[in-house]
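Note sheet for the following structure.
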Amino acid sequence: MTELLQFLLSGITVGAVYALVALGFTIIYNASDVVNFAQGEFVMLGGMITVFAYKAGLPIPVAALFAILLTAAIGVAFNRVAIETARGAPVVSLIIITIGASIFIQGVAQVVFGKELHRLPSFSGDDPIRILEATILPQSFWVIGGAMVVFVGLWLFFTRTLLGRAVLATSNNRVAAQLVGINTGFVMTLSFGLSAGIGALAGVLITPITLTSYQVGIALALKGFAGAMLGGMGNPKGALIGGLMLGLLESVTAGYLSSQYKDAVAFVVILAVLFAMPQGLFGRKATERV
Amino acid sequence: MRKTLIKAALAFSVAFPAAALADIKIGATISETGPASFLGDPEAKTLKMLVDQLNASGGIKGEKIKLFLYDDGGDPNKARTFATRLIEDDGVVAIIGGTTTGTSMSVIPVAEEAKVPFISLAGAIEIIDPVRPNTFKTPHTDKMACEKIFDDMKKRGFTKIAMISGTDGFGASMRTQCLAVAPTYGITVVAEETYGPRDADMTPQLTNIRGKSDVQALLNPGFGQGPAIVTRNYAQLGITLPFYQSHGVASNSFIELAGAKAAEGIRLPGTALLVGDLLPENDAQRPVVMAYKTAYEKAFNTPVSTFGGYAHDAFAILVDALKRAGSTKPAAIRDAIEKTSGLVGTTGTVTMSAKDHLGLDLGSFRMLEIRNGGWALVK
Amino acid sequence: MKLSAKHSTLLLLALIIALAPIFFPSAYYFRIGSVVFVNAVAVVGIVILTGYAGQISLGHAGFSGIGGYACALAPVHLGLHPALAAVLGAVVSGVMAYLVGRPILRLKGYYLAVASLGFGILVSMVLANETAITGGPDGIKVADLGLRTLLADAGVPLTNAQFWYAFSGICLLIGSWLALNLHDSPTGRALRALHGSEIAARTVGVDVARAKVTAFVISAVYASVAGSLIALQNRMITPDVAGYMHSIEMVTMAVLGGAGSVLGAILGATILTLLPQALTVFQQYEQIMLGLVMMLVMIFMREGLLPSLTALVRGRGE
């Protein structure tokens, strides 16, 4: 019983990391139907910029804010320079553009920050919190809390605000959205800024647990992408639950079956889910245009 | 179409003018980026620094060294291409590199066919066993690291241990070697777990290990962030088993990443590099490691690691051989490398022979313990 | 006499392969050439899958892994000749592609991307983890193909690099010939109909599911052969060959050059293989420039380099 609880706590910690990354995918996808494979690099930038700003003497909250704003600006620039210019390109081309961006950002980070591993101090210390016989680190609560706050924020944004609906409208039909007076250019700018900012926030929160270096982005993006697809791309609820499920699957597999094949089991489950529900658990049904 | 291709080919060859007036050309293919960049980065930095140092002090008998250094990204296919390029196009007389076992094994056929001496920086024993005429290496084998650890465990009376290994090349290779050599030391591995190199949490695996009541000690073969996270999870779960890490984390940055409190009491086999200032004044390695450590940390502002030390030793062996060879022909250099004797490096004292292309013994590993955020020598 | 487009493409390719060595200043260029050809073989497979049939795979390196490890394992465990081992690898890849392809090809766009990605990761994970059989992440040795020795005995002595340049060049020619034939066959027409619109293809009587699986199986065999060629040439293989980055590389090469045409794909493979070699001059800026090239080409030449350049030349000619 103690073991199971420990596995679950571990799964929730890792799952919250994936969920935070997965949530970042949602907004851009909703606004533009682009899955941004560079999302992991925003997470990396958030962590790395904070580390360096902190080492330069800024207190962590200020360093984090600086990192989030700077990354958001990079996201906006990426949209302006690359995504807007390539509008209407086929899915494969868009995948390659965002992968190109990911390689580019990694290359810059490697020159600017170097190749060493870095860590931020935990926000609330390193003394484990005991829950029955199992333990969890205080930083895990920051990550879980961060994922919850971002999720609620996004959910409110998409369902309760005019701007959020404008984002959804833009995704459904760009021309129609323009006709009803939505400034689609602004919607895209906003989406990329928000997505990058959320990615950076994720980077700040998880760095005390996962450590960071110039190349952590790809692995995080893959897991976040898988989580988002499992839940159903575009839906904040899907991203949250998909990410958490992926983390739980991994840790329970590692605990009970085989630590060697935990990633494999996670992917097998994703494949099984996609066969049964081709749009993911909470994905919207898309109709194909002829 | 054909014209454009020919033009491209011409532009391509114009982009690589033959190295101007280089005296002695040496080559290196290192994994500066990619999954093994944690190893390759300090190796590349070390080589560049040492070449500059040597040239600034007049080179070898007045001849300057020209280093051709390529980044293979840890991909064996690229490493082989670069090895071909170094030999056929750049015309180097010796190659250092192969950060990983995979890249080294793919360079070997090229170097052996061209009869150019090759000094690998990777751990696996297959590189020098069986001995190939032109292939050498500087790091201890993984087997030696296992033996050093098991030796210490035996002294402390541990016979039943648990292992948690990374699934990267380094972790997997050391895991295999340790499992093979454990019975010789009367040690049984009663619990075995692994983790992926990018994993964020290893508490499930450690919980399973904690659940086995007969485990007396814990061993973690791995490098990069994995061992740091394992160490933090170990502290989080309040595990009190004696904890052994591998030489893969022998660097001050490990203590920083894992946290001094969590890392307290960890033992690992390391080289003299980390404890240069703790060595007795008359220790032959002391001046060598202190000189390298000071220069490296001054130049790059990051702590030295064992891996950079491997590159240092490879270069030292090569320079020593070049001085003795009396010629810059690859064959002469090869013969001189094989006759390396009593060369003091950061890893140990190297004495090679026709049967031993590594030339290190177990004694050159030192058992270190992390105490108060620093290193201490275990007697 | 006017040559058909198919024959002129093949002739051009054969001429380039045969004549390029005249300009080679050193043996290193033979090695580069052979790597280009091997990559191109895999990429021609992607042309069939993505360019003809419009399906995305981010896991095709998994099949290269199967082809490569077949050459390492079958000679040891089954006593097969390395050449037969490569054939076995291709068969296994084809069967795997059929089994995996049937369910996952029902998915579209990004969902297909993640499913194929999962397949590729599974293969590379098995290769890296089953250390006892595969040698683990450090890889495993591969037997000698033996053909070079035979040629030497027959009075055609070639250096290692020259032999592999010629051998992979011939493989590429055969692969291109098959792909070009497929393009104009009934299957090829079905695939291209599918690319335009699945529903439209269905209404004109194309068995959509079957056409997709056919493309998937054929492209898997190409990837497998490329993997075998890498293994046999390098005389060793590691799980990297099946890695995610390798899958991405294949797709990028195809799309960058122009996934719709065999020649475009070969151009893409050439550029992306040469680029890292050319960029070594810039050492640490290599990744930055690679990323930049990928973005710029895709943004400004959506159809890929070759089609865009051809259009440019034609536009000017008019």
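A, B and C are the chain letters, set down in written order, and residue numbers restart from 1 in every chain.
Note that contacts are C-beta pairs under 8 Å (C-beta built on N, C-alpha and C of every residue); 3 or more make two chains touch, one makes a residue touch a chain.
Predicted, not measured: the structure shown is a model, and the values here were computed from it.
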- Which chains make contact with subunit B and with subunit C at once? A
- Considering A-C alongside A-B, which chain pair is linked by more C-beta pairs in contact? A-C
- Message: Can you work out the whole-Å distance between the CA centroids of subunit A and subunit B?
- Response: 35
- CA centroid of subunit A to CA centroid of subunit C, Å: 32
- So which bits of subunit B are touching at least two other chains? 32-33, 167, 194
- Message: Residues touching two or more other chains, restricted to subunit A: which are they?
- Response: 110, 260, 263
- Can you list the residues of subunit C that touch 2 or more other chains? 129, 284, 286-287
- Query: Can you list the residues on subunit C that touch subunit B in the complex?
  - Reply: 12, 15-16, 20, 23, 25-29, 31-32, 35, 128-129, 131, 136-139, 141, 160-161, 230, 234-238, 240-241, 263, 270, 274, 276-278, 280-281, 283-284, 286-287
- Message: Which residues of subunit C touch subunit A once you look at their complex with the stated criterion?
- Response: 50, 56, 58, 103-104, 106-111, 113-115, 117-119, 121-122, 125-126, 129, 197-200, 244, 248, 251-252, 255-256, 259, 284-295, 298-300, 302
- Touching residues (chain side subunit B, partner subunit C) in the complex: 1-2, 5-6, 8-10, 12-13, 15-16, 32-33, 69-71, 74-78, 80-81, 84-85, 87-89, 100-102, 105-106, 109, 113, 124, 126, 167-169, 172-173, 175-176, 194
- Query: If you look only at subunit B, which of its residues touch subunit A in the complex?
  - Reply: 32-35, 37-38, 41, 167, 193-196, 198-201, 203-205, 207-208, 211, 224-225, 228-229, 232, 235-238, 253, 256-257, 259, 261-262, 302
- Query: Where on subunit A does subunit B make contact in their complex?
  - Reply: 2-3, 6-7, 9-11, 13-14, 17, 110, 114-117, 119, 126, 128, 135-137, 206, 209-211, 213, 215-216, 219, 251-252, 254-255, 259-260, 262-263
